[in-house]
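What follows is chain A paired twice: with chain B in the first complex and chain C in the second.
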Partner chain A sequence: MMKSSNSKDMVSRAAKAVAVPLMVWAIMQVIDMVFAGMGVINNSADIKTLFRNLISSLAFALAIGANLNCGRMDLSLGAQMYAGVIFGGNLALMLNAGGIGVLILSMAVGALCGLATGFIFINLRILPMVLGLGMTLVFECICFAINNQQGVILYGKPGVEILSNITFIVIVTAAIVLFAYYFFQLSGYGFKYRAIQGSQKLASDAGINIYSNCVICYVIAGTLAACAGVFITIYQGNLTPVLGMSSNGRVFSNMFPMVLGTWIGGLCHNREGGILMGAVTVNIIILGLTKLGLSNSVQNVIIYALFLTFVVYNTNRSKIDYYKARRARVAQAQKLMAQREAAH
Partner chain B sequence: MSNSSAAAVSERSPKLTLADRVDMIKNNRYFPIVFPLAMLAFLLLLFVALTGGEFMKRSVILGIFNQSFITGTMATAVAFIYSTGNVDFSVGNAMGLACVLGALAYQATGSMAVMVLVTLAGGVLLMMFNCTLCVTCHVKPAMVAIVAMSIYSAICVVLVGAAPIGVEYETSKALEGVFRYGSFLLYFGMCLLLYHGTAIGRKLRFIGGNERCAIQTGINAVKTQYISFLFAGVGVGLAGVYQTIRTANVASTVGTGMGTDVMLATVLGGMSIFGGTKSNCFAGLIGAITVTILNKGLLMIGVSSTMIQGIRGVVFLLLVYLNSERQKTLPSRQQF
Partner chain C sequence: MKKNGWLRKAAAIGMAGVLAVGAGGCSDSGDTSQGGESGAGGQEKYKIGILEVQLNDESTNRADWFNNYIAPKYNVEFMFSEACSDLNSCMTFIENAADAGCDAIINYYAVGANTQQLVELCAEYDMVYTENGGRNPANDAVYTGNYENFAGNFMADQPATGKLFHDYLSETLDTSVEHGFIVGTGNAYQGNAQQTEISANMLGAIEELYGLKFDSTIEELYSSSAPVNGTNDKGIEVYCYPGAPATSGWLEGLNAAMQTGKYDYILMSGNVLGNIMTTVDELETAMNKDFTVIGFGSFGEALTSAMNSVDHFGNQALSMSTVKFTSIVSTMGFSKVYNCLTGHRDACLEANGEPSVLLFRMNAVTNPQQLEEMGSWDKEGKWVADYDFVDSMLAVKTEGLTNEQAQETIYKMDYDAIKARLN
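And then the complex of A and B:
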């Protein structure tokens, strides 16, 4: 009996998680069929594009969420991504380590960048968003100064083609989600992380080392950002360093999958799975808009308008629920009164 | 009092450590005003010495003034927003979109007066939109800033396209004279008066210090925050006008990255971007001049522009650290 209720619960949660991207796909499919005469996903190239974009936005969204769920907005993640991929990628190319080497070394350098940011944060204790701005300036400067301002070029390099392989992308996507789920939900670290998420003061009083937990969180975020960066680079062919805080754009563009994913995660009681579904949803919208032949700027306007609408809804959800419940109560009362009057 | 009792009192009184003394200096009410000015003077003297007096040339000083003008206006404007604890770094993109709207109005009518009015109105309306999202829709300011800056920059690209929109060069240069200085002085004076001489400024600082307490004392937080965004909007619009007349054209990338420059200037000017009682509206202007002096001075002594960004980052972090109180636990803030 118990087992059956558990499995029913799991199926219900999975259905809720999958429902959002499915609904969005159905809507985009109709729009694309009406206006462009073709579906959202028509051929293998579309599937490849979807998976390539999915892995980078998923990894980045998880990286943003790692700190944001504890009230820390790390704006330097974009710069950490650049630093990780430019340093790690060039090092791997020098060592002829191939695609997997590029991925591992980039993630290692990303982890180091996260470690540096986390270490500075726990020592200076200035607001995370402000620290992020300062660290962005520093990381961008370092990225620009190395390798003669060339960044990293993966196009045409031997051994890196594995990074474009769909099977490899699917394996890495699954590994990222499983790792994040285990790390934040099942491990001892995750238990403490969630305690800190609830109340930092209470967690600290209970003996949890909030400082080491925070540094580890920054390290994980840096690693995931660099992982996202590798797949962005292989898709573009190269990654050119930027200045003037332009790297922040990477953080902003991945906020939608993160926020939407956190909401879906709330529905299915699995934040990491929710973020995966959030990333799938946003990438389906992007793919659908691309099929309509819209320019990148128009796509951005539409995506951010949707994001804004969602954020406004999400913030005021409780009020909407309250008004719905009140209207239902009034309707019930009116119905009851009408019944009584009819009885008299 | 005899010598022995004085000695006894002295023995009983607690000994102040160096950290205590530093805290005493930092908590002095005049510290946020004196420290940025002292730093500005120090940087000025440093670069005068390092450049052998070249730094004090009229052309250099005029260049510094012109460069810090737009950021200074914007930083003065956002002081109204920052005072209430709202961090809005989308002001650069709001200014950019206001410029684009103004330039399009010029293209349609051929009138510079219309361009100025539309840019001003654009700045005000965009900031009011941000305010509505923050105050009425209760979306966290950081989230509003992220979404707003992305939407505004995308709209700029859609409206402008690849080629910049040009405005009349001669009139632009003419406006750079009396109009620019006059309007800035008028705006800055009005901000100073409102912020430091009226109840509006006090209410803004009170809300930034403790919003709940401010509401319980009868302050209408919603109305006050709308007023703060209104004044910020006027400043953003004015900065947009200065930007347009400075270059006599508007590109799709106008205003990009300026939001963070404004934040940097505010912090360097000695004001917390999270508001409160120690806020002031002239910090941004001092900060903008400091940033420009730092950039120009480093360039003149041969530091590359890439390195300048790194140095700015380190200086920024150091100043924020010196200006903020060290918390016992880690700082955090619910973002959405």
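And then the complex of A and C:
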């Protein structure tokens, strides 16, 4: 009986998680069919585009969330992504390590960047956002200084085709979600992480090493950001270094899947699964909008307006719930009074 | 606790340093020797500041030519900026260059609205100024303002660049077969001269070859900041797609347009080959449709990869692109300031006495062999602009040199002339 109830719960949660991207896909499909005469996904190239953008959004959203859930906004994630991919990618190309080598070495360099940022943070306790800005400048300048400012070019390089292979992308996506779920929800580290999320002081008093936990968070975030960068680069063909904190744009553009994913995660009681669905949803919206032939600025206005609307709704959800409950109470009281009057 | 305090102080100083360097954008890398000194062999020694807009293989090549080829021969020292992308960073570099004893500035970050301010700033420090840009309404006052330190400008012959695309389409397009065209107008809507000329020439070629008439003017089509259909009386599908790959959603939008199945010619006015070729290749496979790609390019890995790749149908993935020789462009800037420094400003002036704009022509490249051949030029030991060419642009070496002669000399350096000389 108990087992059957658990299975029902799981199915109901999974249905809630999948319902959001499905609904969005249905809406975008209708809009695209009416205005552009084609669907959101029409052929294998669309599927490749969706999956490649999905994995980069997912990895980046998880990277942002790793620190943000503990109250740290790391603005250097974009620069860590550039450093990871430019250093790791060029190293892998020099070693003829192919696409998998590019991915692994980029993630390794991303992890090192995260480690450096985390180590500086726990030793100096500079405000995370301020530290993020400083580290952004450092990483951006370093990226600029190497390889004659060319960044990394993956287009036309032998062996990197695997990074565009859908099966490979699905495997990496599944690996990232399972790893993040195990690490943040099931492992010993995850229990401590969630204790710190609740109250850093209480967790520290209880004997949890909040410093090592924090550094590990930064390392994971750097690794995931670099992973996202590899798939962005394979799609764009190259990744050229930027200056003047331009890399921060990557962080902000991936806030939508992160915030939406956290909300879906609340519905299905699985944060990592929720972020996956959030990334799918946002990428379906983006893919759907591109079919309409709108200018990039109009597309961005629509996406960010949706993001803003969602944030406003999410922030004021409690107020909406309160008004609903109040209306129900008033209705109940009115009904009761009517019954009493009728009885008299 | 004590250690933490020390670490905090060190970090604060370090971060302040990083912020100062990062925000400053530019730095000086030379010593503080004064320009105009007498060097070896009695030749006057000059110091020239090079203001770079971006650091890429072209700027590396340029620095190599200036430092290792020109500096020893003409007794000149060069000082290079980091990438300057706004007026403030340009002014900071110029002030640093003046402190370091520079006698002239060659500016590769040309914005018409900034020219007058930078010329006046250089005049304050008694420095000669030239920039890699043209004459336009925003900077016209500098040309007519009798600024003695302004040597005029130099730039690509944009109409000639656009004509390369016009001519290639005219020679190769089979109008008996129905084609559809995506014209990537890039930043033409923001007034980018190069992308404007290329877009206009591509659209003009389509109009001429099919004998069609667009419902809008060609200017309206390439000036649009939103994608626009070039509807016309012959029903030929033409889609003008503005923007650049750095913009979120640009590549996805191009992908969506190609998927409509209406277009098979992808004509790009911006340097986007490294960004679009993967998408083109994937769509050729997914749609089993052959796309012909023609686009602006420059020497580098992206162009080499695109030109040497074979598409899904066994054709050359990139049909035509363009290249330029950095040393020729650099010679134009160098000759401008050197002629002024050596007292031959007349060689930088038009017949009416106003500073001139020297023009260079880009070259078309249509096959891997041609690219390989051109790619092997303009490097150490094979500079396209050799001492003979540079001398022919300097009034101290070529007596009685006029601006017209200098321009003719540059125009003579076409593909055939370079090939004959270097091979």
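Methods note: the second predicted complex is superposed on the first by the 334 of 344 C-alpha atoms of A that agree within 3 Å, B and C clash if a C-alpha of one lies under 4 Å from a C-alpha of the other, contacts with A are read in each partner's own complex, and residues count from 1 in each chain.
To be clear about the criterion, a contact is a pair of C-beta atoms (placed from the backbone, for glycine too) under 8 Å apart; a residue touches a chain by one contact, two chains touch by 3 or more.
The shown structure was predicted, so the numbers you read here are calculated from the model rather than taken from an experiment.
Asker: Would you sort A:224 into first (chain B), second (chain C), both or neither based on which partner it touches?
Answerer: neither
Asker: A:46 contacts which: chain B (first), chain C (second), both, neither?
Answerer: A:46 sits against chain C, while chain B stays out of touch.
Asker: Tell me which partner A:244 touches in the superposition: chain B (first), chain C (second), both or neither.
Answerer: In the superposition, A:244 contacts both chain B and chain C.
Asker: Tell me the contact category for A:312 with respect to chain B and chain C: first, second, both or neither.
Answerer: first
Asker: Thinking of the overlay built on chain A, is A:92 touched by chain B (first), by chain C (second), by both, or by neither?
Answerer: neither
Asker: Going by the contact rule set out at the top, does A:204 touch chain B (first), chain C (second), both, or neither?
Answerer: Touch status of A:204: first partner only.
Asker: Once the structures are superposed on A, label A:300 by its partner contacts, choosing first (chain B), second (chain C), both or neither.
Answerer: both
Asker: Which partner does A:236 reach: the first (chain B), the second (chain C), both, or neither?
Answerer: So A:236 only meets chain C here.
Asker: State which residues of chain A lie in both footprints, the one left by chain B and the one left by chain C.
Answerer: Touching chain B in the first complex and chain C in the second, residues 120, 124-126, 134, 137-138, 140-141, 144, 243-244, 253, 295, 297-298, 300 of chain A appear in both lists.
Asker: Which bits of chain A are touching chain B when the two form their complex?
Answerer: It comes out as residues 68, 70-73, 120-122, 124-131, 133-138, 140-142, 144-145, 200-201, 204, 210-211, 214, 243-246, 248, 252-253, 255, 259, 295, 297-298, 300-301, 304-305, 307-308, 311-312, 314-316.
Asker: Would you pull the chain C residues touching chain A in the complex into a rising list?
Answerer: Checking each residue of chain C against chain A gives 4, 7-8, 11, 15, 18-19, 21-22, 25, 54-57, 59-60, 83, 85, 225-227, 242-243, 245, 247-253, 255-257, 259-260, 274-279, 282-283, 285-287, 300-302, 304-306, 308-309.
Asker: Touching chain A in the complex: which residues of chain B?
Answerer: For this pair, the touching residues of chain B are 87, 133, 137-140, 142-143, 146-147, 149-151, 153-155, 157-158, 256-257, 260, 263-264, 267, 273-274, 305-307, 309-310, 312-314, 316-317, 320-321, 324, 326-327, 329-336.
Asker: Can you tell me which positions in chain A touch chain C when the two form their complex?
Answerer: 36, 38, 42-46, 48-49, 53, 120, 123-126, 134, 137-138, 140-141, 144, 148-150, 153, 155-157, 164, 234-238, 243-244, 253, 286-287, 289-291, 293-300
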